[in-house]
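So, here come the structures, one by one.
Next come two complexes built around chain A: one with chain B, the other with chain C.
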Partner chain A sequence: MMMRKSANTILLLVAVAFCYGLQVSKPRYGDLIGPIPARGKLGDTVVGRGFEVHAEKIEFARKLTVDQYGQSKVLTTGGVWAVVTVEFAARAQSTVVSVASWRGPTGLTYDQTERLSFMNGLLPVALDPGLPRKARLIFELRPDEVSNATLLVSEKLVAALDSQAEISLGPVTVAADGLPAGTVDMLDMAQPL
Partner chain B sequence: MTAEVLDQERRVGERKWRRRSLWSLVLLIPLALGVEAYDSVKALLGDNDLFARRVAWGQSTHFGGSDWKLTDLRGAFGMSNLPPDSVPVLADFQVKVGDPDLQHLWLGCKVMLIDKDGRRWSPTSIVSLKTTDKVETCVSAIFSGAKSGDTLNLRETFLVPKEATKSIRPAVSVAGERPRFLLFQLEKD
Partner chain C sequence: MLESARSRLKAWIVAGVGTAAAIAVAGVLGAFAARHEPLPALAPAGRIETGQWLLRPLKAYATAEKYTYGALLRPGGKALVLELEMTNRTAKSTKDYFDLLQASQKTVDPATKPFIVLTRDSTMSPELHPGMPERMAYIWQLPDGAAVPASFNLTVISKTYKPRDNLYGLPGWFNPTPIGTMTIPVGAGPDGADMQP
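Moving on to the complex of A and B:
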């Protein structure tokens, strides 16, 4: 009788532990229906369901010059500008890639800047099968969010159950002035891609 | 009758019902799944273009309440400022409106080009060719207020790689007909 009682107690404890384990390891709803990552590095071609993206290079700058209605305009920043040149391709059907963000090493996530929204070659880009297109993704960042960052690209803002390209951009050395090494003073966004 | 016999009879009856219940699950579980999934399946089918209905060159077909006919498919070669190896392609349709409720029947109207590998091109906004003809796009036609018996001239512009121009065929799909869509054949087919 005593034996049976203790066996039952042990069984109950095991069941409690098991249920607790299930509870803590349970994925959240947001994870279950969230974007499906397609991972790669700078220079790789990352293949998602509807599009492919190839990040060619990253440039850092203190200022950007842009052409607005025929006038040259200089955009300054308290942080640093990061300009990623990418090539997009549609897969089986025409699509539009509209969202890109920069996730820093601490998890801070920066959306594309909207300060250049009038410029050509920014997202959203319409893609047709067989006709790859280059685009610029421009971010305004804190200098300490530059190294070991991840570039996130998806077709729609809510990429639920759809591909999201996750491109790791690797380490970036920091120069004496706190900005990434190789930061130029001025980048001309009017240059063709 | 003794209590023992009664008891045994009851047990047999119980066993029979238990078996019937178990067997009914074979029917009930798929039925429940079907009922649950019905709306999702309907939405999925209504959102995709799955079954092509081929239309021979020069033929007119009743689709989405109106009669559709492909009148022309041609490339606009020699344009500058385009991506390398790309060609703008124009697809022209003549539609004789039957049911004028276009805002329901033509909802989500899609005109596309499909090549031999199944790749699909949607109309482009990169190229816009000016025209003196009175042409509309599928979407603008929905709001054109066309009446029954009117004839609409629709034109869509696409941007297609040169290598695909040989095998592309125009296709049309509207909400009232999905998952079926029209796949127009060319003169050479």
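Moving on to the complex of A and C:
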């Protein structure tokens, strides 16, 4: 009788430890239904489920000039502007790519700026098969989040169980003023892509 | 008859003692203390940390201009403007600042939602990016015919981070709770100097 009781207690403790181990070690629901990465480098064509993306170049600038309702406007920033020129293509059917963010080396995630929402050639872009389109992805960044960053592009904000392009952008050298090397003072967004 | 009345009395006493014990335990654990504790007063010229934001109030003033940082006021109305420096302390760009500051009911009609504007280029409620301080303006329309107060009260509201919420198991900021109040003097116009810590 006593024997049986202690055996039951030990079994219970083992079960508790086992369940705790499962809880700690198994992936969470959020990880399970997260986006499915399609990885690539700057210059590669990254192929996702519904779209392809090819990041051509990155430019850095202190200020941007934009055309707003026929007037030229200068946009300043507390950090640095990063403008990524990309080419999108739809695969089997028409789609819309609407989300891009910049994940810095420390994991800080910078969404596309909302200060140019009136401008053409920004996300969201509608894509049709066989008709590739260029677009600009514009970010406002801290200068220390520029090097070794990853560009994340997906069709929807919650890219659950759908592909997300992860483009590693490689190292960027920093100039003496703390900004990335090759930062221009002014970049004109009215220029055609 | 007498027997059943006695047992009923017994049941009532047991239930009463149990309830009293439960209330006493809850009181000892502090369930009632939180309701009566007054909110701490925050120094308006200091830095205020909430879960997601680092705030530094700069100045407050009343204005009767038609447009204040691009926000259109009701004709003939006045607006209370609070300019402050906001820094996103989280790891992601966010615009979760709509419930951050609550002007007191004495000054502003509680149904009036403020315009929240980036002063740099008058963008309405843009996302703010991690670790990049920006100067923002909260613009409350004052009730018609109300006099401009010499100072006003603000309640600062903070949220708590949960690595997994109960519904989706995803991280997020939840449970808005007031963390303090502050009294900010209202200056004459937009040209006043910023408050220094």
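One rule holds in what follows: the second predicted complex is superposed on the first by the 169 of 193 C-alpha atoms of A that agree within 3 Å, B and C clash if a C-alpha of one lies under 4 Å from a C-alpha of the other, contacts with A are read in each partner's own complex, and residues count from 1 in each chain.
Following the convention adopted for this analysis, a contact is a pair of C-beta atoms (placed from the backbone, for glycine too) under 8 Å apart; a residue touches a chain by one contact, two chains touch by 3 or more.
Remember, predicted model here, so these are calculated numbers, not experimental data.
**Student:** With everything superposed onto chain A, say whether chain B and chain C fit together or clash.
**Tutor:** When both complexes are placed onto chain A, chain B and chain C end up side by side without any clash.
**Student:** Go through the superposed model and pick first if A:166 touches only chain B, second if only chain C, both, or neither.
**Tutor:** A:166 sits against neither chain B nor chain C.
**Student:** Is A:101 in contact with chain B, with chain C, with both, or with neither (first, second, both, neither)?
**Tutor:** In the superposed model, A:101 contacts chain C only, not chain B.
**Student:** If you stack the two complexes on chain A, which partner ends up touching A:142: first (chain B), second (chain C), both, or neither?
**Tutor:** A:142 contacts chain C only, not chain B.
**Student:** Using the superposition on chain A described above, determine whether A:113 touches chain B (first), chain C (second), both, or neither.
**Tutor:** The answer is second: A:113 touches chain C but not chain B.
**Student:** Chain B or chain C: which reaches more residues on chain A?
**Tutor:** Larger number of chain A residues touched: C.
**Student:** After the superposition on A, what does A:155 contact: first (chain B), second (chain C), both or neither?
**Tutor:** neither
**Student:** Return first, second, both or neither, reflecting whether A:52 touches chain B, chain C, both chains, or no partner chain.
**Tutor:** neither
**Student:** In the superposed model, how near does chain B get to chain C, counting Cα atoms only, in Å?
**Tutor:** Least C-alpha distance after superposition: 19 Å.
**Student:** Intersection of chain A residues contacting chain B with those contacting chain C?
**Tutor:** No residue of chain A touches both chain B and chain C.
**Student:** Could you pull out which chain B residues touch chain A in their complex?
**Tutor:** 83, 85-86, 112, 118-122, 124-126, 158-161, 163-164
**Student:** How about chain C: which of its residues touch chain A in the complex?
**Tutor:** Counting only chain C, the residues touching chain A are 91-93, 118, 120-121, 123, 126-127, 129-134, 164, 168-171.
**Student:** Which part of chain A faces chain C closely enough to touch in the complex?
**Tutor:** Per the stated touch rule, the residues are 28-30, 73, 75-79, 101, 107-111, 113-115, 140-142, 145.
**Student:** Which residues of chain A touch chain B in the complex?
**Tutor:** For this pair, the touching residues of chain A are 92-94, 126, 128-131, 133.
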